[in-house]
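Below, each structure is written out as structure tokens.
Both complexes below contain chain A, partnered by chain B and then by chain C.
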Partner chain A sequence: MKRKLIVITALMFVMPMVVQADAISQLQADYQAKGAGPFSAAAGEALWNKPFKDAKSGKERRCTTCHTTDLTQAGKHLRTGKVIEPMAPSANPKRLTKIKKIKKWFVRNCKWTLGRECTAQEKGDLLAFLKSL
Partner chain B sequence: MNRKTLVVSILLSTAMLTASTLAFSSDDDEKGGFLSRWFGERKHEVGVAPVENPQYLEECGGCHFPYQPGLLPARSWTKMMAGLDDHFGENAELPIEDASAIEAYLVKNAADHSDYKRSRKIMKYMQPGETPLRISKTAYFIKEHNELTRNMVEDNPQVGSFSRCESCHTQAAKGSFEEHEINIPGFGQWEDD
Partner chain C sequence: MQTQTEENPVAEITQARIWNIPVRLFHWMLVSCFITAWLTRDDRYLDIHLFAGYLMAALILFRLLWGVIGGPYARFGDFAFGWREAWGYTKMALKGCPPRFIGHNPAGSWGIYLLLGLGSLIAITGLLALGGEEGHGPLAGLLNRPQGALAHDLHELLAWVMLGAVAVHLLGVLVESILHRENLIGSMITGYKSVPPGTVSATASRPVAAFMLVATIAAGFSWFYGYLVETPEQPYRPFIGQQLPDNALWREECGACHLAFHPSLLPARSWRVMMQQQASHFGEDLFLEQDAIDEITTFMADNAAEQELTEAAWKINQSIPETETPLRITETQYWIDKHSEISMQIWESPKVNGKVNCAACHLDADDGTFEDAAMRIPVEEDQSSTVLFNEMFQKAARYFSFNSAPPNRLDDKG
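Right, the complex of A and B next:
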């Protein structure tokens, strides 16, 4: 009886972690179904730091422009000054738990930063990188 | 009839004519029956209707102050929602069902569909053909902010732009923009001259 209790309690602690990984795993499975993978956190990190030039303004943009280089810290929107909560799940456990939210921001931010949507491979790599933080 | 009667009847008919003209005169501010100006209830809620739509707060208030729909006419909101891929230089795209729901909310509560005091003023000062996207460039807004200096807003590191309503208007989130509520960072309360 005591052992069962321990096992159940242990499982209860593990559950939230499993749930958290779920959104990322699901999305990565989606990307793999589209032919992408395997995913590399190193490639994700490289993309995260890569500079892109905005066609209209000629100015340089990177993910770090708003999110900063330390993802355990809050970032700031370049124009509105709005605080952006840390991207690192270790600093912000709510991060990367909602598929719809991840998808929405990939559309917006890839288009704004890269000038186009990220490919399935790029998205998978980025998620691999971010979840490791 | 005699002179006295004539004078009295002229005076009386003039009075009645004036009264009825006033009662029936069109006033686009007026809702209700023809005597409502004196006897009816006029709903003039102060400010603009506050935002209670959680989806709007989340999706639009996520990056900037959630501007109340009563700050722009419906046609402006429609134009705004049709151009989210270039939303003042940002990409604010949304899944179509979310964009549609938000647009419906904005249009329904737009300045030209609202009785609130500021909404009515905004529409009053606007040209009929105008479809402004920037609230801060509407005629009423400009008029209301024309006593400010650059160092209070644009050059003020704690403000930076007229788009940051909440920086100075302490009750902006509730839809209230009354003068006594204003506190400009670095300058203090707004003194009414």
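Right, the complex of A and C next:
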């Protein structure tokens, strides 16, 4: 009984770490469960660089507007000028480690850039691309 | 001391040292401090302004001591004239025939006492303002903010009075130089005057002068040392404000797209409205859940501008009419006044990228303290000279219009 408790407590500590370390796989698995996949980094890269026309301002918007094309470099928020830390996990290990954060920014940034939410397929592709950097 | 001599063109004339080196050093260093303090009266240069002020106070203290032990012509006893004598001398001067004094004349000595007194009062009111408004310096906390602001007003008023006294002093020097056909300014540089034979001359007092110079240089070095060792990543901040309350959720949610603007920068009613409208936040949807909204709103309301956590909080809040609920810090009167001198060219430069990017200029924007002398306007390498030139030009233009316009403290209160 005691040993079981210890194992469970230990698991309770380890589990979240494992999940955190692999937030990307977890999310991709979720997307797959919704019928998307397989995911391609090339498709993700294409979407990352694709221009969309903003209905209101008529200006072009892309993910790179704020995150820049070189993802190992810091970007800059278009409207506020704030520095955005590099997106590539290789340059910024804190990137893409929290599921909640990724989900929230996908909603925000897809709406801002594409004018709509991204599909599960698109999000899986984007993660495949970002993960590979 | 025989100071008064009859004009006698036939008498032999010799040269004698009248002003010893400490007196001359004191004089010209005081002049430099006064000019420096005028030019650095903007918050941006408060550290330089303070150095000039402290040095001025130290010089005046030294002069008081030197007035007792400083030898002939420097001792107060040698120019302790009553007001009758000063007035008598002035009347003679107005008639165009003032008697000649080797040392300070009676009217001039009253000018000296006046300038020393004004300088002391300016130093004291400056320290009171620094302690009351900014919470820095040896008198920190002695006065509250409104009292500190009053001391600040007095400080500026006294500085104007002193400027007037300096003008009268210069006029006196000019008149006396012309009437006696002697170069008094030159004497304050070389120390020598043409005198009748037998006149007592002052000793040079080189060791004391050397001590003054070494002490000033050492003080300057330790005061500005931070600038010598700063790096681009760790710029030197002369003033570190007290640490402000923080909240992790607020920092994460409100610090991603822009600086996490500290709650002390707007009143609670502004934050409440902003959080209610979080789904249309300046054209963005913040997608905050209700419990996050509640936690952030509470934190912000608890530390809002009304709490007067910083000087900026106090002044921003004062500048907002009760009936208004601004959603932008950059639309409050205090903010507008403080940034009115920054040109469009700078706001639009890529390194600044608009008014909202406080951290481009304020080294302590992240802490929310917005201390004085913690702002640096970034300039692009290729156009730095033109921007700097523009800035200098605007400064000069402002300086000349300043004499007719009220001092900028009045604007501060919005």
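Just so it is clear, the second predicted complex is superposed on the first by the 112 of 133 C-alpha atoms of A that agree within 3 Å, B and C clash if a C-alpha of one lies under 4 Å from a C-alpha of the other, contacts with A are read in each partner's own complex, and residues count from 1 in each chain.
The rule is short, and it goes like this: a contact is a pair of C-beta atoms (placed from the backbone, for glycine too) under 8 Å apart; a residue touches a chain by one contact, two chains touch by 3 or more.
Just so you know, these numbers come straight off a predicted model, no measurement behind them.
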(request) Assess the superposed three-chain arrangement around chain A: do chain B and chain C clash, or do they fit? (result) clash
(request) Determine, under the contact definition given at the top, whether A:107 touches first (chain B), second (chain C), both, or neither. (result) both
(request) Of the two partners chain B and chain C, indicate the one touching more residues belonging to chain A. (result) B
(message) Taking the superposition on A as described, I'd like to know which of chain B and chain C A:119 touches: first, second, both or neither.
(response) neither
(message) Contact-wise, after the overlay, does A:65 reach chain B, chain C, both or neither (first, second, both, neither)?
(response) neither
(message) Looking at A:40, would you say it contacts chain B, chain C, both, or neither? Reply first, second, both or neither.
(response) neither
(message) According to the stated criteria, A:32 is in contact with first (chain B), second (chain C), both, or neither; which is it?
(response) neither
(request) Look at A:92 in the shared chain and tell me whether it touches chain B only, chain C only, both, or neither; answer first, second, both or neither. (result) neither
(message) Per the contact definition in the header, classify A:76: touching chain B only (first), chain C only (second), both, or neither.
(response) second
(request) Between 1-9, 253-261, 379-387 or 397-405, work out which stretch of chain C sticks into chain B after superposition. (result) 253-261
(message) After overlaying the two complexes on chain A, where does the chain B footprint on chain A coincide with the chain C footprint?
(response) 77, 79-82, 104, 107-108, 111-112
(request) Sort out for me which residues of chain C touch chain A in the complex. (result) 257-259, 282, 284-285, 287, 352-354, 356-357, 359-360
(request) Show which residues of chain A lie in contact with chain B when the two form their complex. (result) 56-57, 77, 79-82, 100, 103-104, 107-109, 111-112
(request) Spell out the residues on chain B that touch chain A in their complex, using ranges where they run on. (result) 62-64, 85, 88-95, 160, 163-164
(request) Provide the residue numbers of chain A that touch chain C in the complex, in ascending order. (result) 76-77, 79-82, 104, 107-108, 111-112
